[in-house]
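The letters A, B, C, D and E name the chains in turn, as written, and every chain counts its residues from 1.
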Amino acid sequence: MPKPGLDKVDKILEKDVAILEGMDISGHWNRMFEQRVVWDYSTEILERITSLSGGESLGWCYQCGKCVPVCPVDMVGDYGPRKIYRKVQLGIDLFHDPDLWLCTTCMNCLRVCPKEVNMIEIMPAAREVAVQDGNVPPELQKVFENTAKYGNPMGESPRKRAEWVKEAGVPVTILPMTPRPVDVLWYVGSYPSYHPRGKDAARAMARVFYALGVDYAILGHEEKEDGDSIRLAGEKGLFEMLAESNIRTFQKYSFNRIVVTGPHEYNAFKNLYPQYGGAFEILHYTQFLAPMLPQLQKMFVKELPYTVTFHDPCYLGRHNGEYDAPRKLLQAIPGIRLVEMPRCRENGYCCGGGGGGMWLDGFSRDFIRERLSDRRVKEAVEVGAEILAVCCPYEVSRFEDSVKATGNEGKLLVRDIIELIDEAMGSPKTR
Amino acid sequence: MALHAPPKLERYADIPYEEKERLFQEVKADPRFPDYLYGCYECGICVAACPSARFYDFSPRKIAQTLAREDVELFFYQLNEDVWNCSQCFSCNRCPRGNSPGGLITIMREVAVRNGLRSAKEALEGYSRVIYKIMATGTQVSPDMIQADAFPDWGPVAKETADNLELWRKALPPETMHTTSTAWEVSEQTLTELYLIWHMTGVMDMIKEVDEGLHMILLDVMEELLEERGYALAE
Amino acid sequence: MEYIVLCKLVPDLVEDLEVNSEGTDLDRQFLKLVLNEFDEHALEEALLLKEAHGGRVTVVAPEADGVDEVLYTALAKGADRVIKVTGLGEKLSNKRLAGALRNFLPSLGFDLVLTGVQAVDDLDGQVGMLLAGYLDIPHVGVVTGVEVEPERKVARVRKEYAGGLLGEFEVQLPVVLGIQAARQPPRYAPITKVRQAMKEGKIEAVEGRAPLGLQIQVRRLFKPEATGHAEILEGPPEEVARRIVAVLEERGLLR
Amino acid sequence: MSIHAKQAEGPLGKERVFKRDPDLPLSEDIRDLVFELEAEGEWIVQRVPEPYVEVPRKDGRAKKVPLQHTWHHKSCGQCGHIPGYSTAIFWLHRKLGLEYDDPKDQTSCTGWNYYASATSNAAAQAAVAVRNFAAAYVTGFFPLIHCGTSYGHYKEVREELVKHPELRAQVREIMAKLGKPLVMPEEIVHYSEWVYAVRHEIAARKVYDCREIVVTVHPACHYYKLVQGDAIYDPDIYGGQRTAVVTAVAKALGAQVKDYSTWFDCCGFGFRHILVQRDFTRSFAVNRKIETMLEEAKPDVVLTHDTGCVTTLDKSQFAAQVHNKKVGVPVMSEAQFAALAMGAHPYRVCQLHWHAADYRPLLEKMGIDWKEKWQEFEEDLERIRRGEKDYLTWEDVDAEIPARHFLQVS
Amino acid sequence: MASDVVLVIGGGPAGLEAARGAADLGAKVVLVEERDHLGGTPVFERYAALTHGFQDAEEVMNRLAQEVTTHPNVQVKLSTRVVGCTGSKGDFHVTLTKVSDGASETVHAGAIIVATGFQHFDPGRETQVYGYYEYPDVITLADAEAMLKARKFVRPSTGLPPERVCFIQCVGSRDRQIGNEYCSKVCCGIASKQAIEIRQQVPNCKVYIFYIDMRMYGYWENEIYWPAQEQYKVNYIKGIATEIIQKGDKLLVRGEDTTLGRPMEVLMDMVILSVGMEPSKGTREVARILGLKQNKYGFIEVPHEGVDPVATSVPGIFVAGAAAGPKDLDDSMSMAGAAAMKAVAAIRRAIAVASGG
């Protein structure tokens, strides 16, 4: 018998050797299939998730499918917010399903959901259960352990958190060493403190602040990971520990406001830390710098004749509504031509780093056809950009990897906005 | 369990869109088409009743929807891969919209055959013996076709019948059934009429598209009888 | 079944290791201590055994900076009892430690003692062996898998040999095992559970009593001198390939 | 397990018996259109010969089922490997003293090939059908169709011919060339409808007690799903909610008909699949039908009324044993079963030795001594082997029938 | 001679509201009802709570009936049938007979309002599908209403509360093969309402609704559907069932999970068929007697639907409620008000014309 249809069956039963009543019916002669039927709708898992604080809205989904075309993961795989509900309705155990870890909490589904099914709350709530049960992807577990031990996900020595300062080329006040009241407390963040490309941005920031005469300081080794992505990845306890520790540290010093490098910190400090007793004025660095443009513009000495496109960070844009400040800065830089990718602002495509995705690339590789950042890089190339500008510390490293992975090296550069500003101001460190 | 597997459309990426469109139009032009397709609102009644859907990733609903939405790419995929999974039981005829997905598949298969699609040829490989029987003898599965080596999975009885075929056939009271190479005895006049029908309705051309060898053998058999009976085959 | 897991804290390699001015020890000013990785595996293996067969896991560790946190984490992971051995001083030899353990472990009662195959700070791997010797019970080291049959009071242990061979042994309980790797990576202790353990858990302290024996003296601790360096070739692949060939030729490695 | 109409009292004591609302308009009746076309001179309508029995159809109308003068349209699937199927039908006619014709001027409807391979088309299929109708017409006997697919397919062809004048014209031209009239029978009648119509006469003549026999019924898809309106639905059987053929016969014989949850399922035949994709056919027949029946009803026999279904359900059981599937129940047509109950020879008439699943326990349960019967049949075979007889004939078999008597139509 | 009487045929919600409206406008009203009580289908079929609003159906209907029977301008004739009609706009002579003894009388009416309503689709017509006449645990929406009203929602086969219940939508509606291509409008709402009531009365019972698309009109969405899903955890699954058949002591429901694209076969303790609306026998009969055009489904045709939603093909005869097609209660009541106004206007105009005004 020929084989048509064999790629369309769920499971094949076939005994290689079978002789029955003298008849040789080995192999395909005894081949049978298993049924591909939904036998039950068990509500147990759905009930378990909807009874979690934050998990309630999963039960509201009415399968309209509006989330499907905007979900960045659905576009490259079989995961999708609507499908999560269906899986759970079918009794599939989300707590042990890879889908639990694929959501990047980018919030694009919630933006369009008519029933406000809130994956930004559902996923962390469900992940928290998995984490409590000790069911964590190994690479994420390492990040949790590192962060708990060292205050940064990379597992670097806390003592070296401010080492980048040495090569900034400008003086940087480190509060624990020279405590004094300042206007701005700059919370640098883990990636700008440790990651080689993050450090580039940190140094650029220091130079720009210095040039602008900002009265600021950093926390040095007392600074700890903000914990927002840790929380979204399900380790709420660790987040709380970090929040309490950071708040205690902030409260030791005198400052007017906190400026952060990254959108995740921005989200944590602005929206979550107040619940833990730490309410401060928080600005993303683009928001801090945008009003200072008149001053900045006077300092630009170099034209950057590039076509630039901007990638909206989910946690600055969709989560916190800031789309304009980064664009204002970019447009002010002489020479830059800003082009938009089709998916931008409210509908910006996710880089894949949010919600713990930053630390799950190895895990998710088996469940997606293409990394989200790879796809985004292709979009940037398609609109003719030479520079992909970003303002989230996760993104420089993700996108630079993707530029290489998609074979676009030499065609597209990835730059933090602060690096571009620094360069336009004639920084000695040029591209 | 994958919630939806994307169809493997890329398998047919090389076929020009125009060709897919042409075949789609050929299906739509069939006079039966309007009786078989009104529209689909995804109630799933047809799939629930479908035997093939129980085991294959096959869906009469998707066939109806694809045609209704005029999704030419998906149509072409189905034309090559899905239509041959259908069991043609017509359980899907319970459609509340009055569609007949099974009927649509009948039309699609005819188009696949008429156009000699490779997939149709492959699907019908191993089947030409049956086509030969029906075309040439007017009866379909003759007793001599159940040979033990081709039906070991039917158990010892297949072998026993094959071994005793002639004797057992003689032990059948109805005299029309004593034959072994046809299911029952068919008169020559009857066969002549059947051959004329095949020729006059273009069925021979369809056979030629999927199996040229079979076509030639059949022509030989038929020409002889028709000439004997005084019919010349029109060219 | 009663399982005892022996744990020890060792210097964290995340921090740069500095040698003290005398050149006889690490500079402990910025030293951070963490649980010896092999001991973490021993704990994991014990927890897996407890999950399979029931029983009780007791973790025993000599006092050190940060030992409380380690013990609370063990509780969070599922240990039933944690004991800190005090009074043994900072510079503790393996022999003294084994001696101290020998004095009080029998009072706890146990079927299996699991310990990391060795600790990264001394690379001796002695404690388990010494303990087994003192107690006159069997010892198996470099273990990568343990199964127990509580009814028969035996354990089946596996170890890996060089050359890709696996050995499987059956051993009467009680036994001391030196664990190289648990059957699965050590589990995660969620912070809420650790915090809960800190709030509700109890660390028992036991005064360690061990005879002072002969000690080994450290003569010199030093960093190795660099003997070479790597060169990173950069540029387009063709160019890099050309230079690799040139280097190989230069060194006479190509014929 | 099934709870039938009369037991099924509604909540709060509401009566639960389906009664068709006589005021509701019925859907279009194709027979009216067939007669209209006759009136317009488009074709000849062959009338159902008297005496006929009127039986209830699904759509609430009555269907005429002829009792005799029937032209037996054999099934091209039956004769090859389950010849007892048609032999039993003929035997029932003879036993009831009803005249029939077993023609040689008959072809397969070719539907099997059409549904399997599509190497045919609407015109060819219609021409084959009409040719066979014409062949019946000239004999004066009325077509009685043995095969479920032929039955359904002919009704499909009838719809197409009625709806599409251009198809009619094409077929008319072909028939002219063949020198045959364009004929459409007044009713398209399946043999199981005839068995249904004479079930009480059959029951009156039964010689074996069937009360202990547990029967499951498999209705053939092409009987009641392909052009549905004129299949038989009897208010007394399943409350008129499912087709009554086969079941009504088994019940009339006093057997215990048991329900099972895949009653509406196809057998898995699949046309092409039964020959070249038997992995699918076997999976379906066993997982969906045989195993389910055995789990839920434990039948002694599976009765059906189509040759494809008998083949599929019977032959698919063997290889499934390899996977420890529950199998092992004989499958036959209700005509074979009815004939057995009436004392027909299990081998000379019902030809059970062609069947794959073991039928002997059933015979034993019915009280039929199969060893003795096989001995008799072996002797027949021996005589043929020795050349004493050319064939086993109806005379050999009819000798068992006590006396010819004609059926009284009630 | 023109008459100042408005004849209302049918004592259900629409008939009662039409009678009350016309009477309030000062007309004399004769209300004819074939049954021996007022309240129409909601009372006769023992509805529980009203869909949309959740008030007790019987209470609401009784209140309405009370207002009508005590209204000085209304004469109610129970157990009375309309058997003939002559005349035209302003001057109809309608023959009535008593159901009990066949005694007949004639009413002279200036205008007629037909409010003869609907009947539930009989699931037996859709054979071999839902087994309503085979399995006691297969019931209809109407059966479920009565059970919920009695607060005794149990499996008919055992008398015990069910653990799993499902609704199957669109039974007898949206079906070319049945001949009812229309949507019956209310079944989605009623099923969801009943699902809530089941969850209230039998909290451990899981409830599933198999649907093609949930057709919720206006506030039904947020008042019924969303709470059913969000608060009462009713499971909505796209794809309706093809057949129901007994398996052991449960019902096996077979359909397709269409968003998944796989066949589904699930066991239920009870199945509730969401049967749609068809014209009542009375609607068909009265339409014939009054010579009103009916559409292909037998409902009374409204030629200018939209701009004149209560006018029939015969001047002076108006229609209200489900006699004119599937309607929910709100629509029926609004139509009844409009019909009352139109009928009173028609008689005043006729009287004015007759009196040469």
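Throughout what follows, a residue touches a chain if its C-beta (ideal position, glycine included) is under 8 Å from a C-beta of that chain, and two chains touch if they have at least 3 such contacts.
All values reported here derive from a predicted model rather than from experimental measurement.
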item	value
Chains touching both chain B and chain D, listed by label	A, E
For chain B, the least number of touch steps when starting out from chain A	1
Path length in steps (a step moves to a chain that is touched) from chain A to chain D	1
Most centrally placed chain - per-chain CA mean versus overall CA mean	B
Result of counting contacting C-beta pairs for A-E and B-E, higher pair	B-E
Chain whose average C-alpha position is farthest from chain D's own	C
Distance between chain centroids, defined by C-alpha means - chain C, chain D (Å)	79
Rounded Å distance, chain B centre to chain C centre (Cα mean)	70
Separation of chain D from chain E, taking each centre as the mean of its C-alpha atoms, in whole Å	44
Residues of chain E touching at least two other chains	238, 242-243, 257, 259-260, 262-264
Of all residues in chain D, the ones touching two or more other chains	264, 276, 278, 280, 282-283, 287-288, 318-319
Touching chain combinations (by label order)	A-B, A-C, A-D, A-E, B-D, B-E, D-E
Residues of chain B touching chain E in the complex	3-4, 38, 41-50, 53-54, 57, 59, 61-62, 94-98
Residues on chain E engaged by chain D in the complex (per definition of touch)	46, 122, 124-125, 127-128, 131-136, 139, 143, 146-147, 150, 156-157, 179, 242-243, 245-249, 252, 281, 284, 298
Residue ranges of chain A in contact with chain D within the complex	1-2, 4-5, 13, 15, 18, 20, 23, 25, 28-35
Residue numbers on chain D that touch chain E, as the complex places them	1-5, 7-12, 14, 16-21, 23-25, 27, 58, 224, 233, 238-243, 259, 261-264, 296
Residues of chain D that touch chain B when the two form their complex	74, 76-81, 83, 86-87, 90-91, 102-108, 110, 112-124, 127-128, 131, 135, 152, 160, 163-164, 166-167, 170, 173-174, 177-178, 180, 221-222, 225-226, 228, 264-266, 268-273, 275-276, 278, 280, 282-284, 287-288, 315, 317-319, 347-349, 351, 353-356, 377, 380-381, 384-385, 390-394, 396-397
